[in-house]
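Given below, in the form of structure tokens, are the structures.
One chain, chain A, appears in both complexes that follow, with chain B as partner in the first and chain C in the second.
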Partner chain A sequence: MATTTAALTISSSDLVGDALSLSTSKELHKADTTIGLDQTSGLANTYLTATTNIDLFGAIIDTPAFEGKSHWVYIHNKSETPTEYATITIGDKVVGRLYAGDWMWMPWDHAQDTHGNNKHADIELAPSVATGMWFEYCMIHEGMQLSTAV
Partner chain B sequence: MATIDATIAIASDIVSGLAIGKTMTMKKADSTVGLELTTGLAKRSFTSTNQVDLLTFNTGVAADVTADKSAKLYIKNVGSSSTKYFTIGKGNSSGSGTESTIDSSGTVYYRIGRLYGGDWMLIPWDAAGSNIGDITIQPSSAEKMDVEYMVFYE
Partner chain C sequence: MATLTPTLTLVSTDVTSDELNFSVTDSLSVAAPSISVSTVVATATGSQTIIVPASTSIAYLYIRHTGTTDGSTGTVRQVDVENTDDEAFARLSSEEWLFIPFNHAEANVGVQLHVQHSSPSDVVLMEYAYWTKG
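Right after this comes the complex of A and B.
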């Protein structure tokens, strides 16, 4: 069984009157079990040169075999230019913006969409500029459906 | 201006060399100025499986969290169960034990994912849009379940 641990530390010495310090850590398990996740996309590093909204991870919900399974997603905007951000969406619904240097970590459920428009629950990213932006992203999971070759 | 650092560390033996370590300093939108507002660390308990708003559009902190502003949302299931979880979503909560309909053609609701005991998440949050800005939460069990959450914003 594989073991994956996700740890977080948030700290600030000047946000509130006293120092803020928060730490947490958790092993990532398959849904409804204590069995560790054993699959990953690997850590991808990509350079995008258009503002086109793209799929980082596509969810194929025609047969929602992986709905309710455990998936964790990490995305990092590697830009160092404050005005360069990425808009992160699920389907076509905005989660928020990742500004320069920001990262995010969230669970992802391949939720079945009731509308047959193929938008599904894809995790999408749209850079704010076409002059080139670097991103890192990774998914750790217990399985997902892959596209049939055409 | 405050300095808020958030560091993620992922260690895994799924494949050789899979390790992530990254620190972000939370900043205002399009700026090098640090975020300086927070809700503080909040805690809520739930004793039903009703889907409700954890954070509501245009109410409280969410009134300041618009598309062109920066905000980070931290949520943690502080329980220890491997079978009880919170379903986190964005949009309109149903107010009942039935999850809102997921329909990408509308601007109603979508599911993000599940937080089992001890699981945490940290995401950017855009609360703009009357139908899609709310952060929703739904416990999987009517037995008491606790969640902690905190927003950092400008």
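Right after this comes the complex of A and C.
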């Protein structure tokens, strides 16, 4: 059993009169257990030279076997040009915009729908420019559906 | 404009042969409106717990499941994070947290929390904060 810990700190000295200093951490577990996640995509870097919306992590479509399992996703826009951003979409829902230097950390859930309009599906990324942007990403998880060879 | 500094650290000595250990920090210019670290009791009706009001701006959003209903009574109910069109995009279990720059393709929507259970008595105490990109 692997042990992986994600920790967050958020600080600001000038946001309000009282300085902000938040910290939290969490071991990453398989769904509904205290067993550590033991699979990972590894930490990856990619250089994208088109504004095409691409699958960073593909959808799990064919089987319910992976539904409800635990997946955690990290995405970092490594651009140093402040106006360059990436649009992040899950299924058909745009959920965020990463400007230069920004990162995100969130669970990705393949749970079966429990109410309308939910589609826990692929994670997509679309760069704002075609002049080349670097991205770093990683997923830590308990199981992914891999494509059948053709 | 104020500056917000979020840092993520991921550490594992045994998930791969090569140790995973990295931190990434950002320096965010943020402006009003913002809500500093707050708590709210989420229910099985998403629209009752809107934590980010509808906006076309980018909201740097932090959400944490406290694992309790009231700060002391434990619960394992999961909580969906939804936009205010009732579309879920993440699900948090006990003590899990997320940090994202929320934006819905510049549409005028917000973020709400929805406990994954139909009983109105199933509630979850959630911690959250958001800051608008400046």
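Just so we're on the same page, the second predicted complex is superposed on the first by the 140 of 150 C-alpha atoms of A that agree within 3 Å, B and C clash if a C-alpha of one lies under 4 Å from a C-alpha of the other, contacts with A are read in each partner's own complex, and residues count from 1 in each chain.
To be clear about the criterion, a contact is a pair of C-beta atoms (placed from the backbone, for glycine too) under 8 Å apart; a residue touches a chain by one contact, two chains touch by 3 or more.
Note that the structure is a prediction, hence the values are computed from the model and not measured.
Under the clash rule set out above, the superposition-derived model of chain A with chain B and chain C contains a clash between the two partners. When the two structures are aligned on the shared chain, A:G101 is found in touch with chain B and with chain C. Of the two partner chains, chain B is the only one that A:T83 touches; chain C does not reach it. In the superposition on chain A, A:L125 makes contact with neither chain B nor chain C. Across the two superposed structures, the residue set of chain A contacted by chain B and also by chain C is 2-16, 20, 22, 24, 26, 31-32, 37-40, 42-43, 74, 76, 88, 90, 93-99, 101-109, 111, 114-115, 117, 120, 136, 138, 140.
In the complex of the two chains, the chain B residues touching chain A come out as 2-15, 18, 20, 22, 24-27, 29-32, 36, 38, 40-41, 67, 70-72, 74, 76, 82-83, 87-88, 90-91, 101-107, 110-116, 118-126, 128-129, 132, 150, 152. Residues 2-16, 20, 22, 24, 26-27, 29, 31-34, 37-40, 42-43, 68, 70-71, 74, 76, 82-83, 85, 88, 90-109, 111-115, 117, 119-121, 136, 138, 140 of chain A are the ones touching chain B in the complex. Contacts from chain C toward chain A in the complex involve residues 2-16, 20, 22, 24, 26-28, 30, 34, 36-37, 58, 62, 64, 76, 80, 83, 85-93, 95-105, 107, 116, 129, 131, 133. On the chain A side of its complex with chain C, the touching residues are 2-16, 20, 22, 24-26, 31-32, 36-40, 42-43, 74, 76, 87-88, 90, 93-99, 101-109, 111, 114-118, 120, 136, 138, 140.
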